[in-house]
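In what follows, structures are represented as structure tokens.
The following pair of complexes shares a single chain, chain A, combined with chain B in the former and chain C in the latter.
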Partner chain A sequence: MSSSAEVAKGVTNSIQEYLQSLPRQTFDQLYAQPATCLATLRLLPPIAKQVVMRLLYTQKPVAKADVEVWCFPDHRGDLQDSLSKLSRLHICTDYEEHLQMNRIFQENFHNALVGGGDHVSFGQPMNDNKGEVDIALLDRHAAESWETVLHQLVGTPGDRRPKAVTKLLLASGLQEFPDDGGYSETNEHQKMNITSKGFQFLLLDVNVQVWSLLLQYLGLAERQLNMDIVQVLNFLFQIGSLELGQAYSVEPLTDTQRRVMEDLKYFGIFYQRTKKSRKFYPTRMATSLTSGSMVSSRKPEDSQGYIIVETNFRMYAYTDSPLQIAILSLFVSLQARFQNMVTGLITRDAIREALTKGITSDQIITYLTAHAHPELKKQSPILPQTVIDQIRLWEMERNRLRLSGAWLYSDFTDLNEFTQIVNYAEPLGAVLWKNEKRRTLAVTEEGHENVKSFRKRAAAARAGGAGR
Partner chain B sequence: MSCAEDINLLAVVVDTNPAAWAAAASDPDRPLDFVKIIEQLLIFINAHLSLKFDNELAIIASHADQSQFLYPLPPADPLDAADDEPSKPANVYKQFFDVDRAVVSKLKELVDDKRTKSAEHENRSMVAGSLALALSYINRIKRANENNSVQSRILILSISPDLPSQYIPTMNCIFAAQKVSTRIDVCRFSGRKYGGESVFLPQASHITAGIYLDIPEPSNLLQYLLYTFLPEPSMRKTLLLPHKDQVDFRAACFCHKNVVDVGYVCSVCLSIFCSLSKKCPTCQTVFPAPK
Partner chain C sequence: MVKARKGTLLECDPAVKQIVQDLDNKKSEAGEKRFILEDLDETHLFIDPCEVEWLQKRLDEILEENTYRFDDVA
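On to the complex of A and B.
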């Protein structure tokens, strides 16, 4: 459980970081939508949430000293952190030792609570009288689309290669062209290669994958597609508040938002029966965007876990999904493939190959643990300890050589001079290597200046002593 | 911050005793409007739901002769399956809409109910039954989410006077709540013609480490609710919240249901009596005759 909690935390942090990078005016436009206010509130730490709720129905600015006594003295630090977060998100502003809530946020969050205003930010539901679309279909659609994206990433041959996906994978640095030719319309169909970042991406949790791609999309929308970032963000926060299995009307959406929907459709975030359809269905991927809870968007049988690892480094994976097999082949040398399973061996060569691609041993271990077969999960630790240790050792093997800048001191006239310098340099931690027989000494770059001046002083003292 | 991942369950027990609310509405000093109180309560409930995606909620009406769930309603309820179900307006968050609609329609049903009309002149509220319902619902949610820890608390909005005949069930519920570490918060209205000093409810919040608050200014109820009762149990270590220093530990006797200061206690079963008898009516122990 703790790993998924950490993942959720990571997701909220990355969204917050993105939001904090936006200019103030953008926030005022963002908070004009109650759905955005609601989603932003849910991103906040618990104390900040309470502060917002307390200030919500307070019209006048509140003295900061008064806010401070809300907390027990030993939690003042947490409160300060929360307050600074609030001001970075422009929910509250500091002014002359007083806290003043952003009026726009205040008004629209109140609208969200009482359901007032006229903003259509929680989606215009439509009657689905045909009843063809159910939750199972949406889940299937989301899983298939997302898998297609991942397939495209690993380079499985396929005919569905939407331009939006290609562009995004390229912009996020998950894929690149073999020769750094850059992106242009002409070589659009050229085969792209997965980068080391892309490999790491494959081993992440689905929700983190979705969010990191969406954040990339936001950047892309701003820089290349000339979209209004406020509308895109509002739209993303809005779909987080929609209900799974309900049809919503396209009508209230702006042109920008329709374009976003067009692009994001390929990622399985929405479902539309036909391209011209006037309604859309959010999938589980969309509705769990802002929840922070890890509602897996994969099919239940996938999320169950399918990998068995034995102490003899053999791996059995009960899967027929080409994607999962492709991911496994990143760090397992596969031996045989059957109708419902593959077998392989975790070898030094396979792991080393993965390591050279930038995948870390921790990522491999996390992936194997997360997708462990229920039978394997009954053990503690889940993976055999020998295998975990060995994968770590193989990673450490690559770190045997450490490069550091150094100065070489040699050709000392006598042993006395040599030991004098060693005795000076060693307490400083400046000695990297020394050889008494050959009277040679390697000194770190940081320590070089000190050692050099000491040697000069020592030489001068000796010369002086000899002269006397 | 493991507590940040917990599911927060809030069970609200609303005193809907018609006699007390009627008296409150005509109070010369501090008139109370039931509709306005419920409106403020609903905003508070929406605020609770808005804090986190997976916050859970139950609302129970403690009426003059019965206790009823206002939310959540059983899925088979005709109200949910009705064909003329109004579709959600686009300006309202789906979850808020569901709760508000269920509470309002259920309350209307309760007020119009013929059966309660006869009981209306009786100024009482089934708090013990509502507490029992709340605790069983909390238990159900805990069972359903065995993988996640559930933080639960109960909030009682109370206006009726204590009912000594319910002393034993009320205390049983309080101790049950203490055992499952569920805090009981009490929000109490009192004016000249309604409320009055309660003996049982301060004990409830004292025993379960909850908060007891007399609302001095009912028109600002929402602010009291947001300040005092919104922080989830894990936040109570961080935020300074009001607490009642002096708790009246008086009990009601088992024989005549009178609230007593000094009474007789059976040395075997600890039952409390207001008058001396030869045999304990609860456990049939024969007391030695006083010398």
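On to the complex of A and C.
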């Protein structure tokens, strides 16, 4: 579906953006792990992948002109994008019109593909599985843990509120303390409030949610926990290439990585039978991290759509999950709840309330579309057009005023001076409004300083000219 | 002499502008300070930044009063 593909693009972009913000030295350390090389490759667009595969076994730099003929002329632009991405991720460097692959990346990516080298970058599988842990259990564990996190976010009363989760939700700005409520041990749980960012978060796909929390975790690990970011990233990329349902040994992990595992286990990314266990199992959430596909953490039969929207703005949701009902109640006025479904009405008030919380109409529409009932999905467009339009209109009617801080210049005695200032400020993008007849001009607050100094210079020039 | 004043530029449709002007007149009748500093054209006003928040709230209320609802009907 196109909407989830767009969202998927958003995620890979954001992890890529994060990677691009790192210094070069970090990359050299990162690429020392074959699993990281493979995961990075998976984040690349198809053309970039193609370029990497072709360059992998060339030792000498390749002329850029040669690379260009690999591609149809109409797609030169895509190729350029891919090449610049490769250089920003320090996979290829280009100098004097030649492309040269990063040696460290080249060697370790080769190892990743052929399984060479002496490393445990892809985890150390363990075989003493007594058959107690199967994929169904892992899926259940992942779904339960993640729902617990989301429940904590929406503020459902519960007893499982691990500190690591609280801290991360707080740091990512998804939850906050109401105004002056400081952090104290006694009331830390009750006083958390969900923010508008948190509401938006709820409407995202699970994979997107996981990644955005992991990115927050990376930031937190670097700033507050003094962790080695390379080890954390290596670990995240490593678990992305593990096999679902397979047990892995904790032994090869570094201390930092064990801490990461400790922190992240509440999110349902791993399963450990007991806390002291020497084994861990990655869940579907972990193994789909770098695959780019939207594998939901829920079991396939559960992840089917459940929402029906009719042209008369009625909504029926076939669900008994309190979480999904809580999310729906953000923008639907719910009317009745039955054993396996809820009914509601999409009303102006409900939508407006959601809008004031910072949720956009696009998010609502995307959510409804993504979770539409299979019956509804047979139609095109999936949601009734009237409902989509009306939700957009409700959003637009909230923004009938456009306000901008400004400085108003008026009472010009000289038309010349007026046009001079307009000619100066217009290319800067500083003019908000002007009227030549009235010789009045509104400039932006940022532009005001520029215009002020411009007028001073002009006045000085005039005075100088008159003095001579 | 050129005059430069700090304020807020308000862009809106003509209907909303009428409501804003009406609010301004009512304020003046009540003996309070006007908040419209300059009437620029059909869709632009230059207003006092201190009153922006109040204005937004008030406008929201007025537009709300003039909205047809169908919740109860359904």
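Following the convention adopted for this analysis, the second predicted complex is superposed on the first by the 374 of 468 C-alpha atoms of A that agree within 3 Å, B and C clash if a C-alpha of one lies under 4 Å from a C-alpha of the other, contacts with A are read in each partner's own complex, and residues count from 1 in each chain.
We take it that a contact is a pair of C-beta atoms (placed from the backbone, for glycine too) under 8 Å apart; a residue touches a chain by one contact, two chains touch by 3 or more.
Because the structure is a prediction, the values reported are computed rather than measured.
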Comparing chain B against chain C, which has contacts with more of the residues in chain A? B
With the two complexes superposed on chain A, say which partner A:T413 touches: chain B (first), chain C (second), both, or neither. second
Is A:G123 touching anything from chain B or chain C once the two structures are fitted on A? First, second, both or neither. first
Could you say whether A:S453 touches chain B, chain C, both of them, or neither, answering first, second, both or neither? neither
Mind working out whether A:G115 is in touch with chain B, chain C, both or neither, as first, second, both or neither? first
Looking at A:R400 after the superposition, I want to know if it touches chain B, chain C, both of them or none. Which is it: first, second, both, neither? second
Scan A:L56 for contacts with chain B and chain C and give back first, second, both or neither. first
Applying the touch criterion given at the start, work out whether A:N435 contacts chain B, chain C, both or neither, answering first, second, both or neither. second
If I apply the document's touch criterion, which positions on chain A are contacted by chain B in one structure and by chain C in the other? none
Once bound in the complex, which stretches of chain C touch chain A? 1-13, 16, 37-38, 40-41, 44, 46, 49, 52, 55-56, 59, 63, 67, 69-71, 74
The answer for chain A against chain B in the complex is residues 1-2, 5, 8, 34-35, 38, 41-42, 45-47, 49-50, 53-54, 56-57, 69-72, 75, 78-79, 111-125, 127, 241-243, 246, 252, 290-293
For the chain B and chain A complex, residues of the former touching the latter: 2-5, 43, 46-47, 50-54, 87-94, 96-97, 100, 147-148, 222-223, 226-227, 230-232, 234-235, 237-240
With touch defined as at the start, can you tell me which chain A residues reach chain C in the complex? 312-314, 333, 345, 347-349, 397, 400-413, 417, 432-433, 435, 440, 442, 445, 448, 452, 455
